[in-house]
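One chain, chain A, links the two complexes that follow: it is found with chain B in the first and with chain C in the second.
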Partner chain A sequence: MMVLRESIIMKIHYGTAIGALSLTVVHILMRLTQDFHESLAYENVIANYESVGYALLLELLLILISVHGFNGLRVILLEMNQGPTYEKAVTIGCLAAMAGLIAYGSRTIIMTSMGMV
Partner chain B sequence: MERETGAREGLKGWLNPGKIGKFGIERLAWLLMRLTGLGLLAYFIGHIWETSHILDGKAVWDKSLEMTQTTEGHLFLALVIGMCVFHTGNGIRLMIAQMGYGIGKAERPDYPYKPQSINMKGKACIYATLGMAALAMWYGMAVMFA
Partner chain C sequence: MATLHPKLSEERSQTVVSSTKSVKLKIKRSNPNVNSEERFDDYVVPIEKWTTVLDALLDVKSHLDHSVGIRYSCRQASCGSCGMKINGKPALACFTKISELDSDTVTVEPMDNFPVVRDLVVGFERMINNHKKVMPYVIRDDSEIDPESGMREFLQSPENVEKYIQFSSCIKCGLCNSACPTMAMDTSFVGPQALAQAYRYIADDRDKGKNKRLKVIDESHGIWRCHFAGSCSQVCPKGVDPAMGIQLLRGYLLGIRD
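Take a look at the complex of A and B:
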């Protein structure tokens, strides 16, 4: 298994944090371009997804937050307990959960933006 | 190698209020960083699941939105906003500290051995972050309850 140094992983952690923060600001501002409740209406949300730029932003946001979130969880779990088997299990478990969440979220973005609803 | 388990307190050590009293606001920030991180990850997973209801049509989407359109739902979202702002503000403070800014210059350790890195700048940032989180929660509630 390819092993990244913790110093590299922390740089990825900080990079994904800054990226996710910038995109989250845009994501929230999209809700404030009109009345908050109105912006969440079915037709408006579908229109958001059908915009290619916004769909790409959502996909990137999904990846950045998933990487940051599950790496954060991995760090917390490694702080609480250590050991070669435990550490490997935590790393593999977090990677699998991250991949699963990205796949599930991508399915929503791709299907909605392609009009498969 | 024999493992040392006696010093490991796990979750009990995390949540022990005596540790916050002993180690101060920095310890509270350490704890809140982890709790808000876990809370935000749980919210994110829920958010991905909730938004996937758009694939099931308007009726299901509207029903799923109803969960957050209640007073309890708004209060929950306000808590999420607060967690998000605290996690972001404190994360930026930690990044800046790891780059070496605001943590003082290294000097000879003399009694009473006060660490240079735990100083008023850091404490002020933590209090400011807590204040910003509270303000953001208030603004979020003003928008949602409007």
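Take a look at the complex of A and C:
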């Protein structure tokens, strides 16, 4: 079933963890550009989305966290039970859930950044 | 009826007479081939300061209950046959002195993560199969047998030997696999014993089978399922550090080691 070797998957897993952590730091530091509560006000959050750079950062963060999180979930589920059918279902299920979450999150980011909200 | 050799019977009676201390040995009994019943049987055995758990078990077998199932051979921590859980921790019965356990009751159970054959005897099939899977031998195209000069040696420097020598001490007792939390969850996990042996041969500069072995362990129930709990290294009676071997193997797979 696995197209990629486990070492490649784990390199992606570690890479996405480092990437997500770095971008989360940037994301949190952005709160310091103004008063913390003010930075979370509705208008300011929408303004963040409407900035192309920030929207890209959010999109990248979404992808990195989804890939890392769903691979982590796959690993946990593979350890909890074994068997070819189960393992195939877990892999396909996690890939589908990851794609679904990225699609839904991207929709939100795109719609907000285009002023459709 | 067979009689004991006079010297042997003398030794046994001396042990009993000279002992001033005793310990309660709680032995987990089961026979999955007959039924699923599990119980603990208690035996009080005399001990000296040098008495090992294996000595006490053999005392039980000799004097109190012949039916206790145990596997043992060398009695000197070389063969790896007498692995069991002693007071909750995997250990070799022949390498564990009762006086060092600091307890009036010693509980012995079969090792975790192995199928029980009977009482304290477990089946090693899974571990041996995984051990075989990692090809625990030097792989080369050429041979030590030279058609012209007879035999020749594949020489190594002491520095190269240092890289893997501790992993050569593995006696396949299975204590590391018994202590491993991943082994308890993942029935397909290759296990610390096999992974440590994979490292032992990959690190050997005479060996040319690195890629073959890395391919075997680089799968969904292979090396990446290790959580680095380190319990395998803690229980090894021979000082092997499988947890370190696993991390070093990961270095090969991540491309940070050659």
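We take it that the second predicted complex is superposed on the first by the 115 of 117 C-alpha atoms of A that agree within 3 Å, B and C clash if a C-alpha of one lies under 4 Å from a C-alpha of the other, contacts with A are read in each partner's own complex, and residues count from 1 in each chain.
In this section, contacts are C-beta pairs under 8 Å (C-beta built on N, C-alpha and C of every residue); 3 or more make two chains touch, one makes a residue touch a chain.
Owing to the predicted nature of the structure, the values given are computational and were not obtained by experimental measurement.
After superposition onto chain A, the modelled positions of chain B and chain C overlap sterically. Once the two complexes are laid over each other on the shared chain, residue contacts for A:N44 go to neither chain B nor chain C. Once the two complexes are laid over each other on the shared chain, residue contacts for A:M80 go to chain B and to chain C alike. By the touch criterion defined above, A:E6 reaches chain C but does not reach chain B.
In the superposition on chain A, contact is made by A:F36 with chain B only, not with chain C. Put chain B and chain C next to each other and count what each touches on chain A; the higher total goes to B. Residues common to the contacts of chain A with chain B and with chain C across the two structures: 14, 80, 82. Taken in their complex, chain A has these residues touching chain B: 14, 17, 21, 24, 32, 36-37, 40, 42, 45-46, 49, 62, 65-66, 69-70, 72-73, 76, 80-83, 101, 104-105, 107-108, 111-112, 116-117.
Across the complex, chain C meets chain A through its residues 182, 185-189, 218-225, 253-254. Contact residues on chain A toward chain C in their complex (touch as defined above): 2, 5-7, 9-11, 14, 75, 78-80, 82, 87.
By the touch criterion given at the top, residues 3, 8, 10-11, 34, 37-38, 40-41, 44-45, 48-49, 51-52, 54-55, 57-58, 61-62, 65, 69, 84, 88, 91, 95, 143-144, 146 of chain B touch chain A in their complex.
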